[in-house]
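Heads up, the next two complexes both have chain A, just with different partners, chain B and then chain C.
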Partner chain A sequence: MYYKTTGYRLFTVLNYCILLLAGILCILPIIHILAISFSASAPANSHLVGLWPVDFNIESYTKTLNNPNFSRAFVISLGRTVLGTFMTMSVIILAGYALSKDASVFKSRNIYAWYFVFTMLFTGGMIPSYIVVRNLHLMDTIWALVLPGAVQVFNMILLMNFFKATPKEMEEAALIDGAGHFTVLFRVYLPLAMPSIATLSLFSIVGNWNAWFDGLLYINNYRNYPLATFLQTIIVQQDFSKLNPDVNELKNISQRTVKAAQIFIGILPVLIVYPFLQRFFVKGIVLGAIKE
Partner chain B sequence: MGTVGEVTGIGTPVRRKGIKGFLRRTWPLHVMLLPAVVLQFIFGYLPLGGLVIAFKDYKPYDGIWGSKWVGLDHFKFMFEYPDSKQVILNTTLIAGLKIIFNIVVPFCFALLLNEVRRNSVKRTVQTLVYLPYFISWVFLGGILNDMLSTDGIINMLLHNWFGLDPILFLGSGNWFRFIVVLTDVWQQFGFGTIVYLAALAGVNPSLYEAAEVDGANRWRQTLSITIPSLAPIVIVVGTLAIGNIMNAGFDQIFNLYNPLVYDKGDIIDTFVYRTGILNGQYSFGTAVGIFKSLVGFVLIVIGYRVAYKLADYKIF
Partner chain C sequence: MQLKRVSSVLLVSALAFSVTACSGNGNNAQNEPAATKAAAESTNAGGNASATNAAGNVDETGWDGSKYVEPITLTTVKGIGTNYFFKNGETMENNVMQSYMKDNLGIDVKYDWIVTDTNDAYKTKLRLMLSSGEKMPDVITYRGDMETVNMLIDSGQFMDIGDLFDKYAGDNYKKGVELNADTWLPVTRDGQRMALPVLDYAYNDDMLLWLRQDWMDKLGLQPPKTLADFEAIMDAFVNKDPDGNGKKDTLGIATGFKNTFLGWMGDISWLFGDYGTLPGQWNKSADGTLTYGSIDPGAKQALATLKTWMDKGYISKDSGLKDENGAAELFTKGQAGALVGRNWMPDWPFGDLLNNVPGAKYKGYPLPAGPDGKIGAQSGNPSVNGWMLINKDAKNPEALLRYYNFFFDNWANPEKGSEFENGFAEGYDWAKLPDGTITKDPQKYPDLFPDYADRTHLVEPIYYTLTFEGARQPSLYADTMSKLANGEAPVTPYEIQSAAIRKPENIEAMKIVLEQKDIRMKNYFQGPLTETMKQKNELLNKLINQTYSKIIYGQSPIDEFDTMVDNWKKSGGDQITKEVNDWYNSASSK
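The block that comes next holds the complex of A and B.
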């Protein structure tokens, strides 16, 4: 057996070291930012903080959470995530079910399918989309963030394939009992598709939470910014002009520890859903790949 | 009472002819598709109509139809404008490097991970390396801007360990490109590994058993069995990635760059945003966008053709 040779044992030890190092390297920046956020201002500003807080305190978090701009952006992000995920999921579940019907019983199916696939290949791009949203007077509303991305064709096709794999006998039994399409979808298909719906919902939650560019594009008033956009302007672009020129607030925001706390709070929701997400997606992707 | 299929249109083929019968059976399906169709029309198809502004001198005040036609002027200008050549070069260079490393690194990582027989270690490593993929470039950009600044932790360590002078990682063009490719690989390689791990799980174990009987060691087995078994999936991933040569990663670059590195770090998407949206040159920006989509589309088609030829890959 090859794995009992000295050479392979040596390789195994080395391999474990490389893999664990790579794993640690992936979370070091997050630990670093976490350590800064819990440190006192002075050591943080003189760059004395590595992976462990110096002079532990939670001042940066109280400052962040007491900042009305930050908490408003947080609430807007939360609302956008809930609304966006609900919209996307309802739209793609309904459409995915209809598309899962065979073309022999639902003649227009292929026309609909091409209608959606076409937009995967040809898009108007940033500027024409911007003009459409502006002409519809959606600028500065939450709808500008939620509606343009609501139809996720790729996920719709995934769901469609999942629905197709549902045993037809269950559906026929329901039909004999007099059920219509809506009943079949909600009582037969949905309960069976829960794992894939959970996966897609989690992806949508993370996607909505992380989205920042649409906020920059479609929201002019910084008071309506979602959190990711808000932090993008003040942390990455260092653009404070959009905030009220309140000297105290400016001083707080430009502090390194406060920035770190803001970044960490921004990541936190993703870190919370990540364990659930990971359990589902590994299974989903591996299954899909093996089928091929 | 007819059969189930006749009444509801589900299950068995259509028997009753005529548009009325068809609509009676399938109206719920049309209703279900309605929200998606309407939304897609507004946000997918209306912007396609907006592409005409690339051939006009679009003024928001005059509206799309009120603006003057200018033909291919914006496209001509694009090819004469020295900045746009540099931008196209930057885009393909950065995207090309990302494509290569985003195949090589996950591939090697999957091979190494596949040698781990202790499940707890395997799962721990996977959990750690997938994580950055789910964090937005806004937050990663915030962290990296801090770590890579002249007085950031990286320069601090380089100074303390090797006595190096501070390096302007994000402020000088060549370093910027290097950092962009490196951090992109850092963010993505864990997630990219999944595909290869799945393919590795599908390799026939009897091949390894036979090789062992023949006295092949693990290195020999990797060269003669594992890598050839993964070749098709690598070809598919590689050829499909060609379609992305015009996408060098807007989110990442936008959150890392600054005016100092516009010359070597500006890519088509960031260029379109700055000239098109920020400077209000809607028509010119759209023309650049169309050029990008066209090249991308041609490359996607070529990529799929090649993938089909070499690895028998089909999407539909």
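The block that comes next holds the complex of A and C.
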């Protein structure tokens, strides 16, 4: 048996080592942030905290949870993620289904397909997008965050290919039994595509949750920022060179622990969602695997 | 088969991530053509100023001497700093400052947009407005790089404010502007003044030497007069175990030059000053022309000294990887014995030092003199800390000056018994205790400061103003501090407040700065970036920083400096020098 050879065993061990190392690299920063968030501010500001809190306290968490701006941003982000994921998934399921048909069934299929692919390859860029969003009067609404990114062409193509790989015979059987396209889609294709749907939803959830730049561009009032934009504005180092000799102002600067707490609470939802969807990953985005 | 599957999963997910990553940072603002000059959403400049009261003392703008009879509207945009705290229920658009100005001056400020101003968010949004051809509000205030100010001026949407200033600016504002002969220089175009300066306290950014006094005392060291003295002190800090832990883990001076050799904290440019030049700025040479400090022969000597410091362990081996904050951390965690920085550092970040190292003491000293007796240091802010532009189409352009005047006259240095003696509003930034004394401590007296969302901060409405912090008289801070340092009793509300909240080390530091004010070396170039600078600056700065680092780390011989100077000159430096001098001659001839 090939997997009993020394070479194969060596390969397996090496593989585990590399993956372990990669895993540690991913987890260490999170532990570091966690340690800072539970530390007192003086050692945190002077980079004295490693992987274990110094002068343990939970003040930064009580402060964060009592901050109305933080909780508002959190709620806005939740709403955006739910709405955005729902919209993206609806659009790409419908479009993916239609485009998975042959040109003989869906006459202008190729034109539509090229239309989508074209937008994937060539984007207008920041300023034209900004002008479009502004002239559609979407500024300062949640739609400005959700609509421009609703059609994820790449994800749609993945889904389209998954639909294509589903045996034609199943669809034919359903059609013969008198089903329409919607019944076929919802009763035949979607149940089979659950792993893909779950995976693509996770992509969408993570993408919506983490997006910050559009919030900065399209939201005109900082009180309506989604969480990622809010965090971005507080985490990135401020320009202290413009500081004025205002004692009260200077006292308020050292907030590294609070920032850490906010980052940690910010990544929590994704950390929680991930394990539940992770099991779909392996099956979810395999392209061209044999299913007959 | 199993393997194939895993690898294809990996491949696809890698692809997916790269796609999302690409679409994530569409940060190509500069390259985008301003395609359509979109009809801007009605920003509705100016309200109902037309209905002027016909009363005798009301002028043609509707001003009766203390307020607009019919309230006028000023539109603007706002970047909120980290020092902006609001009471529960109050916002940028609706707060005590807003209603005060509307009721008492008849000026209603409206915001087209508001952004939290970190990571250049305000700048990004402004530039987006510029490149998308959006209509500008009545007033734009900007604090930051000159390049953006120049872009705003060049957009042609803003007016020459020269006549307005002469006609409407109050005496206090005019006096502050006159303190510095070059105030208008950066914003003058063809003799027209294109922006109003926001004045700030002078000398506030000047450098002095901070030493760990407990180490000095322990090792029996005397204050340094010369660079040689200072090197002896650093030697003791490094080799005589000042923190008493038995390990050789201490540094002489905390510094970091990852981004620049002219930093605002943990600064090292003063060492260049000891050899007669300052890097990264345009100094005046003996013949009156401007020369770039980074290529001055004095810089070569400074680099040689810095290299010996690196070799002897006086500075951190990581100095080339640390920015200003990184440098200050070396000091606040108790590793380094010296730091060159500004007068206000006792308030931040030295508080961290006292927390981290029990028993630590620090003290400010004058900068030591170089081998030839020279001392030189940054001249800090030229008492201007921002610019205000007024839209050509503004209905009441003079309103901004009246707004600013109000704060100069009533806020900057209030009289005893006047309206703003204790702060802007009771229950916001001050409160009165039953025994009549004034408190500014919301943590201790929650009842006197109602509706606070977060009691660790004082809510200071003055920051909500259009003009950043009301108004500041440039000379007031330094004068007050030196008065206090000389032991005089505080008299005016401003002096009493300063005496109450300033740490003694801070007051002393300001005195040192003022005593050493002759060492200031000004950056004489304050114009917009020249043509060659726009193209070459990045490259040239990289050349300089790389060569500097290599010399300090001993990877290149010190004579590499001369090669670098040649390269610098050939690759555009000579052209830049010419352009800078042309600018200086034309600007200073007026």
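The rule is simple: the second predicted complex is superposed on the first by the 225 of 292 C-alpha atoms of A that agree within 3 Å, B and C clash if a C-alpha of one lies under 4 Å from a C-alpha of the other, contacts with A are read in each partner's own complex, and residues count from 1 in each chain.
One rule holds for everything that comes next: a contact is a pair of C-beta atoms (placed from the backbone, for glycine too) under 8 Å apart; a residue touches a chain by one contact, two chains touch by 3 or more.
Given the structure is predicted, the values throughout are model-derived calculations rather than measurements.
Chemist: Looking at the overlay, does A:Phe182 come into contact with chain B only (first), chain C only (second), both, or neither?
Modeler: After superposition on chain A, A:Phe182 lies in contact with chain B alone.
Chemist: Classify the contacts of A:Asn66 with the two partner chains as first (chain B alone), second (chain C alone), both, or neither.
Modeler: In the superposition, A:Asn66 contacts chain C only.
Chemist: Once the shared chain is lined up, is A:Phe213 touching chain B (first), chain C (second), both, or neither of them?
Modeler: Both partners, chain B and chain C.
Chemist: Please work out whether A:Ala40 is in contact with chain B alone, chain C alone, both, or neither, and reply first, second, both or neither.
Modeler: Touch status of A:Ala40: second partner only.
Chemist: Applying the document's definition of touch, where does A:Trp114 land relative to chain B and chain C: first, second, both, or neither?
Modeler: neither
Chemist: So in the superposed three-chain picture, is A:Phe154 touching just chain B, just chain C, both, or none of them (first/second/both/neither)?
Modeler: After superposition on chain A, A:Phe154 lies in contact with chain C alone.
Chemist: Between chain B and chain C, which one contacts more residues of chain A in the superposed model?
Modeler: B
Chemist: Based on the superposed arrangement, let me know which partner A:Tyr274 touches: chain B (first), chain C (second), both, or neither?
Modeler: A:Tyr274: touches chain B, not chain C.
Chemist: So, A:Ile18: does it touch chain B (first), chain C (second), both, or neither?
Modeler: Touch status of A:Ile18: first partner only.
Chemist: Once the two structures are fitted together, what part of chain A is touched by chain B and by chain C alike?
Modeler: 47, 123, 125-131, 149, 211, 213, 217, 232, 236, 282, 285-286, 289
Chemist: Show me the residue ranges of chain A that touch chain C in the complex, using the header's touch definition.
Modeler: Spelled out, the residues of chain A in touch with chain C are 40-43, 45-48, 63, 66-68, 123, 125-131, 134-135, 137, 149, 154-155, 158, 203, 207, 211, 213, 216-217, 220-223, 225, 230, 232-234, 236-254, 281-282, 285-289.
Chemist: Quick one: in the complex, what on chain B touches chain A?
Modeler: 4-5, 8-14, 22, 25-26, 28-30, 32-33, 35-37, 39-40, 42-51, 53, 60, 64, 109, 112-113, 115-117, 121, 124-132, 134-136, 138-147, 151-153, 156, 186, 190, 194-195, 197-199, 201-202, 212, 217-218, 221, 250-251, 254-255, 269, 272-273, 276-277, 282, 285-286, 289-290, 292-293, 297, 300
Chemist: Show me the residue ranges of chain A that touch chain B in the complex, using the header's touch definition.
Modeler: 1-3, 5, 7-8, 11-12, 15-16, 18-20, 22-27, 29-30, 32-33, 36, 47, 50, 90-92, 94-95, 97-99, 101, 104-108, 112, 115-116, 119, 121-132, 136, 147-151, 153, 156, 168, 171-172, 175-176, 180-182, 184-185, 206, 209-213, 217, 228-229, 231-232, 235-236, 256, 259-260, 263, 266-267, 270, 274, 277-278, 282, 285-286, 289-290
Chemist: Mind listing the chain C positions that touch chain A in their complex?
Modeler: Touch list, chain C to chain A: 5-6, 8-9, 12-13, 15-16, 19-20, 23-29, 31-32, 34-36, 38, 41, 80, 82-83, 88, 91, 112-119, 121, 124-125, 128, 131-132, 134, 143-144, 200-201, 204, 264-265, 324-325, 329, 332-333, 343-344, 347-349, 351-353, 355-356, 385, 440, 453-454, 456-458, 460, 469, 477, 501-502.
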